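Here chain A shows up in two complexes: once beside chain B, once beside chain C.
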Partner chain A sequence: MPPPVVWMDGLVLSSIYILIASGLVLVFSIMGIVNFAHGQLYMLGAFLIYYMFARAGINYFVSLVITAVAIGVLGVAIERGLLRPLAPKGLLPPVVVTLGLIFLFEGIATLFFGPEKKAVPSAVPGVSSIGALTVSNEKLLVVAIAIAVMVGLYFLVSHTKMGLAMRASAQDPYTASLYGVSRGRILSLTMFIGCALAGIAAALMAPLYYVDPWIGLTPLIMALLAIVIGGLGSVLGAVVGGALLGFSGTFLIYYLGPWSELAAFVIVIAVLLFRPEGIFGRPKA
Partner chain B sequence: MKKVIPPAVGLVLALCFPLVTTDPFILSLLIEAGVWAIAVMGFVAILRTGEFSLGQAAFMAIGGYASALVTINLGIPFWFGLVFAGIMAALVALALGVVVLRLGGIYFAIVTLVFGEIVRIVALNWQGLTRGATGLTPSAPGTIHIGSITIDFIASKVPFYYVIVLLVLVAAVVFWRADRSRLGRIFRSIASNETLAEHMGIHLMKYKVIIFVIAGFFTGIAGAFFCHFTLFMGPTTFDVWDSIMILIMGIVGGTSSVVLGPIIGALVLSAGGAYLTSALMVGMKPLVYGIIVIVVVVLLPGGLVDLGRYISRAPRISSLQGVKRHKKRGN
Partner chain C sequence: MKKKLMTISVVVLALAVLLMLPACAAPEPEVATLKVGCIMPFSGPASPWGDAIKPQMEVYAELINEDGGIEIGGETYQVEMFFADGEYSPEGGSRAAKELVYDKKVSFIVGYYGDGFPATAAVTNPEKVIFISKEHPDFDPLGKHPYTVIGTPVIEFVDTQILAFVEAHPGTTKVGDLESTLVEPMLAEEIAQAKSELEERGIGLVSQTHPVGITDFTTYLVKFDEEGVDLIYTWAATGYVAMMAKQSAEQGYDWYLCQAGTMLDPYEFAEMAGYEAAQGTMSDWPCPWALKKVEVSPELLEMAGRIADRYQEKYGEPMRYMGGFGYGLQHMSQLFAGLEKAGTLDPDQIMDTFKGGTFDTFLGEYTLSGEKTYGSPLVFGYPNCLSKLEGYEEVYASEHPILEIL
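This part shows the complex of A and B:
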């Protein structure tokens, strides 16, 4: 058994992966495309936190909410301005546009924010003791907020009328529209929630790591792996996949060192070979 | 006969170019554009079978390391290193393709993207073989003496230029032949209707794997050539960003042809991008690339190769027909 500290780090990493992966999978389940710029939205969110919290000195929690809303609104702008007009042209053009956005956002970040690494101070300095385990308050905060957000998302999707409309539109947009569910509003709403989740993840992660224009790639890749493991289109799958990758990542780095990064890929290849639709995905008819 | 003339003119122009200038900077731009053109042809050929690869730069990395390692450790000449690189990349493509092409669609895109990261991580951590982040320093091809003629790869860029023109030519002929053959027609039938093609007794997997392996072979050779040209091979020489670059060049050039579009895309973006990085500040290159690819997808779905056709036909078709034409291609 790894020491408790490693478990705690696994929990923190899992929280981040779950937030990013569930945003990505939510958008995929409604729109049918993977938003490859999701990691760069995360990166822009981290810069927002840096400028608001670390530079302007705005309260951390206020900064977090503003970041989530701002990234969500940016996501809606992308959906309305670029993805929706391209949707009739098939799946490829919108996907290529999201790949183009990767470069666009990184270019903007490099030009305007600079390529050097930036540090964000801890939002809640100090440490707490849980039994024999001493944990930094920052990590506790990450886990607490992530759990609160995911519970909120679960409630929203499965216990509200809005969530019912989203699920209906994901299953069958045409029939849902016959029952008065506006496809356009559902698309915007989903994109807002999905991207806001990336913003929240960025706000939580920034004080633990550094911020630069290229931090978006690793979270994107891990989130993609998580949703492949969990099953494309299933938020529950994204949660399980994210937790699996978060814990296995930290455990293996404890035992194997840098080679552990490969373990995640091995898990994915194994899942794809034996259960291509993912753990919670439905097999193709 | 008519069809042979434009490519022949292009080839003659390419061969005569060093008579115009032997400026090392300009030749370097063209040589690098040639390397990318080969990789982009592979990407477009795979795309025309209906699959979307986001990991083509990984095959360049495999080719680069394969050639650098055998030439440095075993003292094998550059030319055999090049062939070895192609074979190694093709073998990896075969193993990967057999597993992942079965899944297809979005899974293929995700796994190829991830594959690029796997190659980078292995290259970074397998210190004993690849020397990690320090990288390898492959050497330029040795001097060739044919009678009284001496071809020196170190003194001038011109020999490199002719080698890459030759490689682009060979790759172009192979991809063009594959596209025009029975195979190519099958690929197009795959892209237009997979289920129908399968019901007509076409073994989709087999043909997709074949084109994936051919693309891997040439992409590996392109990567090997590049590392012997720049004299360096490290874990980030070809990474995920380069895979996306290849995709952008392919889309911007146009995917309606397997040879012309990639060459145009690589020339415009690789040479233009090198200019942007040398002349302007950091960050301008990705910014401009991002804008270019979005503008092309939104306004010119056929890519730059369509521009000429678009302009020449514009007066004759109504705007509505134009929309229909693009929709057809988009699907």
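This part shows the complex of A and C:
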């Protein structure tokens, strides 16, 4: 059995993968496209928290909320300005645009913020000891906020009118529109929430690690793997997939060392072979 | 009419004389130029290293030119530097080499800092452009790169560098080596050699490999703790080492953290790792005026000081990154020493001079063994001088020079 710190690390990684994967899957379930620039929105969020919290000295929690809103608004701008006009032209053009945005955002970040790694100080410095576990307060904060956000998202999607409209629009946009659900508003709202989740994940991760224009790639890949495992279009699948990757990542490192990376992909291949729609995905009729 | 004609003739003659005057003036002495190219990453994640070394090399060229230039075979040459972005990739290295060789017409390429040695050498060798590079696992010592010199033996120095780290911490009982899956195969032979040398001293070595791109090393650190490691050696870049320092401190591990590379910016490192966690971190430190076991010629020592002074004067901040003396500046000093000794710009004669010659560099005097390294590339030695972080300053910690190589 791995020591408690390995479990804790698995929990931290899972929290982040879940936040990013949930945003990605939310956008996919309503809009039908994978936003490949999701990782770069995460990166821009990390720079925002750096400039607000580390440089301007704005309170961390205020900075976190502003980051989430700003990245959400940027997501809406992308949806309205680029993805919506291209939607009638088929699936490929909007996807290609999101791929192009990866390089655009990385270029902009390098140009304006520089290629150097930047440090974000801890919002809650210090270390806590819980039995045999020694963990930084920052990691505890990451887990606590991630759980709170995911619970909030669950209530929003499952127990509010807005959530009902989103689910209806995801299931059958045409019928939903007959009941007065504005497809345009739902698309913008979904993009806002999905991208805000990337912003929150970035704000949580920046004090743990560092910020540079290329930090978005690994979280994006892990989030994509998580939604493939969990099932495209299923938020619950993203949660399970993210947790599976987060925990297996640390456990497999503990037991297998460098083979852990291979093992993660073996899990994905096995899921695709035996349940191509993912654990919680719905098989095509 | 006659008078008018005469006046016009005089005016025309005067104008002609005036126009001819510049042509009759004494000709300006033609200044011979030595075109030197440099390939470094100026875009992408590795660009901070290129951005840090380029101004140092420009300052060095500026100072040489102010001193009159480089004397080669009785003729004096001014140094003109050309920089190209190698993007830290084979494609980028090849593209940059083509730009420098075919467009800029450089005769030499120095300071190579990238991941595309074979692609770059494939451009320089057929054109007989002398290429001074850091070491790369793909070089062929049997003579496929006859115009290549290895100016920084970064793979050769692995085992001696580990010894230097251990010598700085006499109580070390077990070394933990943590490398990415990308780097590990490249270092395997040298790590194995280090392991056997350490075993002779009664010190163990355990290795772990991590996937590329991770930033949380806690699980690896836990395993090192379980193994009883008291010194960690890694080739990871500065940002990753800062994460290792931070995560080690969180778990209360007090081992010595040693990075193979040079610290890019001690202040930035301490900010990323946390001030307390960063203390004591050791790094490669190719600092000419800090060397204790390797002697640098007074001229080059003075030049190194002038470079640092001019840098501070020009950019308004001290020259913190010493990696330039391990790469770009060091390669320039190697090239100029070779050219002065060869007394010619003929690439074949220059390479013959390198084979078996003794050269003064910023990091000491090295003799390239003609017998052992007759097939290019030729490899310079390295001092393996190490620093330890104290506050925001690097201070001397240890040294284990490579005086003979290959």
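Heads up, the rule we're going with is that the second predicted complex is superposed on the first by the 283 of 285 C-alpha atoms of A that agree within 3 Å, B and C clash if a C-alpha of one lies under 4 Å from a C-alpha of the other, contacts with A are read in each partner's own complex, and residues count from 1 in each chain.
Here is the rule we go by: a contact is a pair of C-beta atoms (placed from the backbone, for glycine too) under 8 Å apart; a residue touches a chain by one contact, two chains touch by 3 or more.
All values derive from a computational prediction rather than experimental measurement.
Chemist: Is this a clash or a fit when chain B and chain C both end up on chain A?
Modeler: The answer is clash.
Chemist: Between chain B (first) and chain C (second), which does A:250 come into contact with in this model arrangement: first, second, both, or neither?
Modeler: So A:250 only meets chain C here.
Chemist: Should A:111 be classified as contacting the first partner (chain B), the second (chain C), both, or neither?
Modeler: first
Chemist: Can A:225 be said to touch chain B (first), chain C (second), both, or neither?
Modeler: Only chain B is touched by A:225; chain C is not.
Chemist: Tell me which partner A:217 touches in the superposition: chain B (first), chain C (second), both or neither.
Modeler: Touch partners of A:217: chain B and chain C.
Chemist: First (chain B), second (chain C), both or neither: which does A:99 touch?
Modeler: A:99: touches chain B, not chain C.
Chemist: Is A:6 touching the first partner chain B, the second partner chain C, both, or neither of them?
Modeler: A:6: touches chain C, not chain B.
Chemist: Examine A:124 and indicate which partner it touches, taking first as chain B and second as chain C; both and neither are also allowed.
Modeler: Neither partner.
Chemist: With both complexes superposed on chain A, which partner does A:265 reach: first (chain B), second (chain C), both or neither?
Modeler: Touch status of A:265: first partner only.
Chemist: Residues on chain A in contact with chain B in one complex and with chain C in the other?
Modeler: Shared contact residues on chain A (touching chain B in one complex, chain C in the other): 110, 115, 213, 217, 258, 261.
Chemist: In the complex, go through chain A and note every residue touching chain B.
Modeler: Contacts found on chain A: 34, 82, 85-86, 88-90, 92-93, 95-97, 99-111, 115, 213, 217, 221, 224-225, 228, 232, 258-259, 261-262, 265, 268-269, 272-273, 276.
Chemist: Given the complex with chain C, which residues does chain A contribute to the contact?
Modeler: Chain A residues touching chain C: 2-3, 5-6, 9, 12-13, 110, 115-117, 119, 122, 127, 134-136, 208-210, 212-214, 217-218, 250, 253-254, 257-258, 260-261.
Chemist: In the complex formed with chain A, which residues of chain C make contact?
Modeler: Those residues of chain C that touch chain A are 43-45, 47-48, 51, 181, 184, 208-211, 213-216, 218-220, 222-223, 238-239, 242-243, 250-252, 265, 268, 271-272, 274.
Chemist: Given the complex with chain A, which residues does chain B contribute to the contact?
Modeler: 52, 54, 99-100, 102-103, 106-107, 109-111, 113-114, 117-118, 121-122, 124-125, 240, 244, 247-248, 251, 281-294, 297-298, 301, 326-327, 330-331
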